[in-house]
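Following are the structures in question.
Two complexes, one shared chain (subunit A), two partners (subunit B, subunit C).
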Partner chain A sequence: MPNIKAHQRSYITENFLFGQGADISDEASFLARGVLDSTGVLELVLFLEETYSIRIPDDELLPDNLDSLNAIEAYVRRKLDGGVHAVALAHASP
Partner chain B sequence: MLLHNQFEASAEQSPDKVALSVDDQCHTYAQIDQMSARLATTLQRRGVKRGDRVALFLPNSAEMVVGIYAALRVGAIFMPINPQTKPEKLHYILQDSTPTCMITDACLTSAWEEVIRRASSPHTVIISGQGSEHAPLARPFLTFAAATASDDGRVSCPGTIDQDIAAIIYTSGSTGDPKGVMLTHLNMVSAANSISTYLGLREQDTILCALPLSFDYGLYQILMAFKIAARVVLEQSFAFPVKILEIMEREEVTVFPGVPTMFSMLMGLESLARFGLPKLRMITNTAAALPERHIKEIQNLFPQARLFSMYGLTECKRVTYLPPEQLAIRPGSVGRGMPNEEVYLIDEHGNRLPPGSTGELVVRGSNVMRGYWGKPGETAKRLKPGPYPGEFVLHTGDLFRMDDEGYLYFLSRMDDIIKSRGEKVAPKEVETVLYSLEGVLEAAVVGVPDPLLGEAVKACLVLKPGYAYTEREVVKFCLAHLESFLAPKYVVFVPTLPKTNTGKIDKTALKRHSADTGGG
Partner chain C sequence: MPSPLPTPLREAAMPSQPLDASVLTIDCAAEAERIATRLRDVIGRQFRRRGAVVALSGGVDSSVCGALAALALGPSKVFGLLLPERETSPRGMELGRRVAEQLGIEYQTHDLTPVLEAIGCYDQRDEAIRRVFPEYRKDWKNKLVIAGGLSGQFTFFKLVVQAPDGRMFCERIPHLEYLQIVAAQNYKQRIRKTVEYYHADRLNYVVVGTPNRLEYDQGFFVKNGDGSADVKPIAHLYKTQIYAMARHLGLPEEICASRPTSDTYSLPQGQDEFFFALPCDQVDLALWAHDHRFPHAALAYALGVSGELAERIYRDIEAKRRAGAYLHTPPVLFDTCPPGVATPTLSARGSPHA
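Up next, the complex of A and B:
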C-alpha cells in the first residue's frame, strides 16, 4: 500500500501552500484554511484519479472524503481496497 | 434607519427563530443578537469608536455575522476580507484602512501572523476557532470566546446616523491596488430594501449562501434575510457542489443565489437529476450574465424556480435585474434599474442618450457609494456631479446597449478588468507579479471567454533571452503570490506583444487575437 498521506502532503504543500506558512496538519480542513477553492478541488481530484488509477464520481466529491489529509488517506484506501464503499450520499444510490 | 436596526427589529419580533445555520449548528435571532451585543461591549471597552474600521478576516461563519453586527452597533465600519487573501494583499489592506480591531480565525494564522507582527494597527486582535488560545502573536489578543463571554455592561450609544460609513468592501481596480468601496448605512439599507422588494423575499424563506460574505452579494444574503427574519444556511464554499445540493434538499432551501461559475459546475454534475429540490422557488444570478444556453438548462433542471438574472457593481451594490417573465423575451438582457434607482446611458461627452443607444452606464440613487477610502482621485473618476446640487452619480465605466423599452445589454468594460469566477481580476495586479519573475521581459494579461469561469485569465509573456519557463511554473509562481482566482489559467510565450502608437501594450488587439485563437 503506498504511503498516501505523505504523498498527498507533498502534493498539497507544493501545489497549494507554496512553502508559505506552517505545515498543514493531518486533520486540518483545506477549505477552512483557504488552501483549496473550487478549482483546487477539481485539480486535486484529477491528481488522485491519475495517481491511484481510481475514478471519483461526483457524488463522492464530498468534504468527508477530500477535505483533509486524513480524509484523503482513508478515502483512497477504501477505493483501492475496492470492497468498502467510500462515503457517498446516503440517498444517492437508487 | 441604520443597517443593524433592521436586524434588531427581527431579533425583537422573532427571537426564537433560527437566523443562521452553519457547520451543523443553528443560531437563533436572539443568540446572534446577544453575541453581537456582548462583542460590541468588548469592542467599546477596548476603545473601538464610531468611524473606526473593524477588519473581519474570517471564513463564512457565525463569527463573521456576529462581527458585522457588533461593529455596526459601536458605530464602527466593518470590512469583510476574503479568507483566501494572501499576506501581501492583507498587508496592503491593513495599511490602507488602518483598522483598530481585527477579528480573525486560528485556521488562517499562516496568512495573518507575519502581517500583524509588522503592522502598527490594529490595536485589538480577536481570534476565533480551535487553538485560538495558543495563537502565536507578539501583542495581546482576545479569543472570540472570551470577547463574547461576559454579559456585563451595555453598549453605549455611539451616535451613528445614516450618513456614516457602515462598511468598506475592497475591490480590485484597474490601477492594481485594491480600492476600499465606502458604503453608508443609507446606501446599504436602500440597496437591501430595493433588492428584497423586487425578489419578493419572505420570512418563511431559507436561503443557501455559498458565496463568500466578503463578496457583496454574499454579504447581502445575510443583510436581506435578517431584515425580514428569514433563515440563511451558510456554507464556506461551493467547492463540493454535491454537498451543497444535499444540504439544499435536507434544509428545504427555497432561495439559491449564485454566480455563473456555480451554475456551470452544477450543470456538469452527473447526479444533479437525483435532487428534486421541490421547495426551491428562486434562483438568482449575479456578477456576470449567464450564457443563454445556461439559462435554458437551469430552467429545465429547476422548473419550479424563478430565475433572476442581475448585474451589479460593489460601488452601488445592484444596478439591474431582469424579471423572470422577461427571460424568454430577452434572455441576453440584464434587465432594468431596480426600485428607487435610475439608470441611463451617456455618450463620451457625458450627454444622456435615448433608448436604443449604446454608451456608458450611469447609476443614480441612494445606493451609490460614498467613494473609495483614501483615494480621492479614483473616486472623482467614478463619482460625478448629478442633476441636483451636491448630488453625485456613479459612472460605471461599463459599456451597455439599451433597447427601445429600456432593457440593458452588457457589452464590455471600458477598462480591461477581467471577470473570472464572478471575481474581478485587475490585469495590472497579475502583471505586477509576473514582472517579478526574473526572466520576464514583458507581460500582458487579458481575459478570454471560458465556459466555466466566464472569463479565464490569460498571460502573454515575452521572456528575456536565455530564460525558459513552463506554463505550470508560471502558474505556480502566481498562485504563491495571488489569490487563486487571480492566477492565469493559460500562459503563452510570444516573441513580441502588439503595441499602440504611444508604445503601450495594445490590449484590445491582444484580446481580439486571444479570442480568435481560443484560450491556449
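Up next, the complex of A and C:
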C-alpha cells in the first residue's frame, strides 16, 4: 500500500505552496487554511485520479473525503480497498 | 481598556429588524439624485473628463448605468457602445439599442467577432471543450454550470454542450479544461474593455463600470475585463434595488422584468447557473443578512430553506469573497512608491494631459 499521506503532503506543498507547507498538520483543513479553493480542489482530484487510478464521482467531492491529509488518506484507502464505499453525498455529515 | 468580546458572526445577537425583502427597499428618486451628484463630482472635478462611455448589453445593470449617466451629465455627454460578438444574444443588443435611443445618447455598434476570432478566443475554447467532448463542433453550443457548493460538496463546474439536433451532453470538467475555457471566454470582456477605453480616450471621457453589488462583492467579474472602469456607480446596490431603479428611471419593461444572464456562453445561461447557485433575489437577501449579522436560522426562515442550507449559503458567500480577493487586489508593490512623485512627461503610452 503506498504512503498516501506523505505523497499528498509533498504534492500539496510543492504544487500549491511553493515548497512552504511543511507545517501542515495531518488534520488541518485545507479550506480553513486557505490552501485550496474550488480550482485547487479540481486540481487535487485530477492528481488523485491519475496517481491512484481511481474515479472520484461528483457525489464524493466532499470535505469529508478531501479536506485534510487524514481525510485524503482514509478516502483513497477506501477507494483502493474497493470493498468499503467512500463517504458519498447522501451520507455526508452536515 | 477591556478586551473586545468575541462575537462570532453566527452567534451575534439577533438584530431587531425583521428579515424579509423589505430591508432592500430604497428611495429610488433620492438614490438616483445622490448617484448623479457623485458622478458629476467624480467625472468633472476628480478626473477632469468631459463625459462617460457606457457599454450597453441590454441587461438591467448597464441600462441603469446608462440612464444614471444621462441623468447626471446630460445625454450629449454619454456615449453608448453595443459590443456584440457571434455568440451574443441578438435580443440583448436590440434592447441595448432601444435604451440608447430612449436616453437620447449617441451610440455605436462594434462587432467584436473578427477580433475574437483573430486572437483565438473561439478556437482555444473549442479545443478545450473537445478534450472533454471529442465530437464537439463549431455549430454546437456550450456553457459552464456550477455544481456542488450548496449541497455540501466542494464547488465544481459541469460543461454542458448541445448538438445542432438538440441532444445535450453534460460532464464534470477537469481543471485544465475549465481554466482554458474560462481564460478564452475572458477575452470577450477584455476586448470589450479595450474598445470602451478607445472611445473614452478619443472623447476624453471616463469608462463607467456596471457591476451590481452581488457581482462586485462576490467577485463575479473578469480582472482587467468588465472589472476595469473609472467609476462604478451601482456597485453598492443589490440586484433587486437595481430592478427598482430601472422602473423608477422608466427603462423598457423587458429590461425591468429580465432574468440576469452572463451573456458569455453560446447556450442560454442564467447567472444562478454559473456563479451564484441561487436566484438573485435570494442571494441579495442572504448577502444583506450575512453582512448585518443575522444568524443563519433567520435566513433559513426568510428564504424557506433548511438551517443547514442557510449555513452553506453563508459559507459560500465567505468562500467567494476569499476567492474574489485576488480580483480586487491592485498590483502589489514591494516598496513604497506613492503616486504623483514622477515628473509628468509626454509619452507614447500614457496621456500627455498634464
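Assume the second predicted complex is superposed on the first by the 88 of 94 C-alpha atoms of A that agree within 3 Å, B and C clash if a C-alpha of one lies under 4 Å from a C-alpha of the other, contacts with A are read in each partner's own complex, and residues count from 1 in each chain.
The rule is short, and it goes like this: contacts are C-beta pairs under 8 Å (C-beta built on N, C-alpha and C of every residue); 3 or more make two chains touch, one makes a residue touch a chain.
All values derive from a computational prediction rather than experimental measurement.
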{"item": "Touching partner for A:N15 - first (subunit B), second (subunit C), both, neither", "value": "first"}
{"item": "More subunit A residues in contact - subunit B or subunit C", "value": "B"}
{"item": "Touched partner set for A:S29, first subunit B, second subunit C, both or neither", "value": "first"}
{"item": "Which of subunit B and subunit C A:L46 touches, first, second, both or neither", "value": "second"}
{"item": "Which of subunit B and subunit C A:P63 touches, first, second, both or neither", "value": "both"}
{"item": "Subunit A positions touched by subunit B in one structure and by subunit C in the second", "value": "31, 34, 37-39, 41, 58-59, 61-63, 66, 89, 92"}
{"item": "Subunit A-facing residues of subunit C, complex", "value": "147-148, 151-156, 172-176, 178-179, 308, 311, 319, 322-323"}
{"item": "Touch list for subunit A against partner subunit B, complex", "value": "15-16, 18-22, 28-29, 31-34, 36-41, 57-59, 61-63, 66-67, 89, 91-92"}
{"item": "Residues of subunit B touching subunit A in the complex", "value": "59, 83-84, 86-87, 105, 107-111, 113, 236-243, 246, 249, 261, 265, 268-271, 274, 421, 476, 479-480, 484-485"}
{"item": "Touch list for subunit A against partner subunit C, complex", "value": "31, 34, 37-39, 41-43, 45-46, 58-59, 61-63, 66, 89, 92, 94"}
